[in-house]
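Here is the structure we will look at.
Order of writing sets the labels: A, B and C. Residues in every chain begin at 1.
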C-alpha cells in the first residue's frame, strides 16, 4: 500500500499519463467514465484522507481533507480527536474546498508597472524576479533607514514564518489587526484583573456552565466552533442563557432572557448587576475573601449603580436586571459572563471588559468548572536558529513616551500612525509586508490607511485571493491555500494540550507557493540563510515532534495528538486552594492597581457615548455563520449560501423612509462617506429602531473577485470615526451613524 | 410583522421565489389535447348515431385537425422534457396513480387512431386517392367495415383524453388552485366546446352548424356553471384555497381571467350564438374564434396561476 | 424499518453547514440545493421570536411525488426513503409540481434530484452527511422502528411538529419545538 507522501508524487505523474492516454483515445465514453467519478457521491468513491487544520477563520479546527483517485479534493471532515471541532467543522471549514477551487485565486507573482500614460497595471512575473525585487527593496530600506522601518501586518498561521523572517531582518513592528481592532481590550482588562488573558480560543467552559451571559457576543452567528457546540450542549442541559444585545441575535433567540439594551450602555447594566450581587449578598463570599483585592472599594464604587439608575440608561427594566442577577448568582460558581471576542466598540472597552472580569470574579467563576477553565498548550521547542538582532526603535516611538505602557502587542493603527510622516517624528515606517489580512476591511478609517500606503516606499502583499488590499500593492506574492501546504504545528491552548498537523492534500495550484518557501527564499536573498537552516518545513516539524516523543510520520497518520496535562488542574480553584495570581497584589484585582498606576480609572465607570442625530442610525456590524472576515465572500460554496449582505432596518423606520424589503439603497455616514455599492434592505423586527446591522466582509472593490465584486456594502468603508481606547489604543468602531440614500448618489454627480 | 426567508441563499431557477417549472408547452398541449378530444368525440358520436351524411365536416373534414393538434401537442410535451433521451421510459410501464401515465398511454392509442380515422375517409375527401400498397387498402376496408366499434373506442378514449387534461392538474394536491375535482369536468367541457368551435368554423353546411351551435351553447353554459362552482369551492375551502382564489379575485390574474376567459371566451359567445340561432346575422367566425381564444387563455392562466399557489406553513 | 429525521429548532443556528456538507458529499451543482435553511420571524420589537429550520425532502409516507410519477422513476426504497432513479426519469416535472415542500429541483443533467437521506451512507451504517456535520448536533436521524435510535429518543420527550400536515403527505421530518 502506498503511503500518503508517495501518493502525492505518483499522482502528478499518474494523472499526466492518464491525460495523455485520454487525448489519444478521445473517446466520449472514456471521457464520461473519467468524469463520472466526480458524479458519484463522495462517500462512495475511494478517498484518501490527508490531515489538515482549517485556515478559513482563526479557530483552526483540525480535520481530514479527502482526495479521490483523480487527485480531486472532494470534502473536508472534522477530526474527531480535535477539541476545537470534535469531528464537526463549521460551514466555512466544510466549504474550504471552495477556497481551493476558486478560479479567481492569485496565480502568479505580480509586479506593479506604469504604462506610458501614467496608469498602473499589474504584470505577471516569475518568482525569481518578484523575490529579487522584494529582497532588493528590503535591503535598500535597511541600508538607508534601518530595518526598524519595516512593518509586517499578519494574520493566520503562515504569518509565523513571515514574522520569523521579519524578526531576523531586525524589525519589531509585527502586528495583527486582531489586537487593536478586536480582542485587545479584553486581554488588557483580564490581565489587569487576573494576571492572565482570555486566550484564543477563549478559555470559556460553556459546556459545563449553568448560566451563560452574553454581552453582545453573537455565538451562532460567529462560528467559534466548539463554543457553538458547547452552547448547544448547555441548551440540552437546560442551562439558562442571558443575552444582552440591541438586536435579536440567533443566540438571543435561543436564550431564556433577551435584554434588548440600548446600544453603548452595557457598562451601566454590568455595574447594576454588580450592585445587586454585592448588596443582596449574592456573591461568593469564600472566593471573594480568599482571592480578591479591593472588594470594599468596589462596594463603595457601585453604591449608586442601582437597577433603577441603570433602567434610565439602558431601558432594561429593574425587575429584569434583578431577576437576571439572581439567576447568575443562583447558578454560581457555574456561571459564565462571556468576555466576547471583538470588543472594540466605544473607546471605553477595556473598562467594560474590566466590568465583565469583575462580575465573573465576585461570582467566583474564574478557574472553576462552568466558568473559566485553565487551558494548557503543548510546548514545542523552536528549531535552533541564531538569536534575533535587537531593534533600536519600535512603533511605540511614534507616540509620546509612556503612552500605551500596558499594551503588550503591536497596534496596527499604531503602524499606520508611524507610517504617515510627521514633523515630530525623526523617521517613519517605509515598507509594509501584508500577509493574509485585507487591510481595507480589517482596519477602520480607510482614508488613514490609504494615506499611510501613499507614503510607503513599497508595499508587498502575500495572499491567496485578489483581495482589495492587493490592488494597492507594489509586489504581490501568491500563496497556496492551507490545503496545499505544510505549516507549523497547531499548538493552541485548550482543555487538553493538543497538536494538529497541516499536511498538503494537493500540490500547489497554479504558480502559488507556501509561506515557508517564500520566507526562506527571501531569507536567502537577504543574507539571512542562517535563520532557515533547513531544506523544507517538514524537517522542522519532524525535528520538533521527535523532541516531544512523536514524529511527522505519526502525525500524518493521526492528524491530532492529545497529551496529558503537565501543569495544574483543569479547574484549579474549584476547591479553593491557596493560589497566587500574577498581579501586583497577587490577588484578583477588583480594584486595579495597574490601571490606577497609569492614571486610568481603577474601577469601571459608565460614560455616555454620542448618539445618532435624527435621520441617522448607529451602524452595528457582525458576522454571519457562513462567512468570515472578508475572505470568504468569493468562495463559491459559501457564496451559494450568502452572496451579499443586507442592511437590517426596523419596520417602523422603513415605513418612515418608505423603504421596502429587498429594495437596494446606499448608506451615507456622519462624515459624508457613501458606500461604494448599493445594499439590499432587510426590513425586520429583529433590529432596534435606532440602529442598523450589516454583516462584515462584503462590498469588495477588486474586480478580480468575480463573485464578490460589487455585492453588498462594506461596513469598514463606513467606519471612518473611531474612538481610541486610551488604555491600550483599541479603536472603538461602533460610533458611526448612517443614513439612507434611495437614489444612486453617483448618478446625480454625473448629471 | 411576519417575516419568512431563506437563510441559506436558496434561489433555484424556476422554483424560487415561486414555482414556474412548466412553461407555455404544457398549457399549449392541454389546449390542443382538449381540442382534439372534442373533435374526435363528436366525429365518433355522429358516426355512431349514423348521421354521417348530415355531419360531413364533423366526421371527415374537421377530423383532420385532430391528429395535427395531437402531434403538435406531443411535440410541445417532448420539448418540455428535461431528460429527453429517456422519454421512452414512459412506455415501459403503466402507473395507475399517475394521470400523466394514463395520458401517455391514451395518447399512444388515440393519436394513431385519429390518423387512421382520417385516412379511412381519404377516398371520400380526395377523389382518386389510392393507397399504393395492397395491405393498406385491405386495412382501410377493415376499418370502414368496423367503423362503429372503432368510433365507440375512439369516443371513450377522447373522453378520457379530455378529462385527463384536467385531472392531471387536479391530482397535484400541493397546488391548491388545481386541487379541485371540478377541474377535470371543466377541461373536458372546454375541450368539447373548443372542438365544436373548430368544427363550426370549418363547416359550410347550415344545418350542421345549427345542430352543433345548439350543443355548444349548452356546453358553454355548463362551463360557466362549473367555473362558478370552482370558485365557490375555493371560497368555502381552507386558507390555502381562499389564498389561491384571491389571485383571481383582486390578484394579478383577475383581469386576464374574467375579461379574456369569461367575458370574451364564454359570455360573448353565449350571446352571439343565441342571436345566431334566433336568426340574427352574426359573423360566422366570431363565436368560434372567441371560444378558441378563451379556451387557450384558460389553460395558460390555470397553469401559470396554479404554480404560484402553494401550501402555507 | 422507517427512516426519519428530527430537527431541533431550539438548537439550530441556521449556519448552513448542512447545505455545504450535502453539496460536497452529493456533488450538488452550484445554484441548486437539496437542503436549505428557513428563518421565520414573528412578533414586534422587542417581543420577537425566530424559528430556524433546516429543511429538506420529507420522505413522506404518502408521497405525492411517487404517486404522480409516470415512469416510476420516483419510488420508495427500503426504509421509506424516497428516491429517483436517474435513468428512468424523463424530466417531466410532475413530481416538482406535486411537492408541497418544494423539495425537488431539476438537475442540469436533465433528471429531477433531491435529498436522498444519503442512502449510500445509511446503507453502510453511517449517518447522512448533514447529520454528521451539524455543529450544534441538532439533526437526529435513525430508524423510527428502533426505540434506541437517535431519532426515536429525540422524539420521545419533546414537542414536535411537521410541515403542512394538512397536505396529507405524512412527512417524516419532525421539527422539535
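Following the convention adopted for this analysis, contacts are C-beta pairs under 8 Å (C-beta built on N, C-alpha and C of every residue); 3 or more make two chains touch, one makes a residue touch a chain.
Because the structure is a prediction, the values reported are computed rather than measured.
S.K.: Can you figure out the chain closest to the middle, judged by Cα centres?
M.R.: It is chain C that sits nearest the middle.
S.K.: Determine which of the two chain pairs, B-C or A-B, is joined by the larger number of C-beta pairs in contact.
M.R.: So, comparing the two chain pairs, more contacts are at B-C.
S.K.: Quick check: how many Å separate the C-alpha centres of chain B and chain C?
M.R.: 37
S.K.: Could you work out how far the Cα centre of chain A sits from that of chain B, in whole Å?
M.R.: 64
S.K.: Hey, what residues on chain A touch two or more of the other chains?
M.R.: 626, 640-642, 651, 684-685
S.K.: Please set out, as single numbers or ranges, the residues of chain C touching at least two other chains.
M.R.: 14, 16, 19, 31, 33, 41, 44, 52
S.K.: Mind pulling the chain B residues that touch 2 or more other chains?
M.R.: Only 1, 3, 5, 8-9 qualify.
S.K.: Show which residues of chain C lie in contact with chain B when the two form their complex.
M.R.: Counting only chain C, the residues touching chain B are 14, 16, 19, 31-33, 36-42, 44, 52, 64, 67-73, 87-94, 96-102, 105-106, 109-112, 163-164, 166-168.
S.K.: Along chain C, where are the residues that touch chain A in the complex?
M.R.: Going through chain C, the ones touching chain A are 10-11, 13-17, 19-21, 23-27, 30-31, 33, 41, 43-46, 48-50, 52, 118, 120-121, 124, 126, 129, 132-138.
S.K.: Can you name the residues of chain B that touch chain C in the complex?
M.R.: Listed in rising order, the residues are 1-16, 19, 21-22, 80-87, 89-90, 92-93, 95, 97-101, 103-104, 171-175, 238, 307, 310-313.
S.K.: Going by the contact rule at the top, pick out the chain A residues touching chain C in the complex.
M.R.: Per the stated touch rule, the residues are 38-44, 74-78, 87-91, 94-95, 97, 220-221, 223, 225, 228-229, 231-233, 235-236, 248, 250-251, 253-254, 258, 260, 625-626, 636-638, 640-642, 650-651, 684-689.
S.K.: Which stretch or stretches of chain A touch chain B in the complex?
M.R.: Against chain B, the touching part of chain A is residues 626, 639-643, 651, 661, 682-685.
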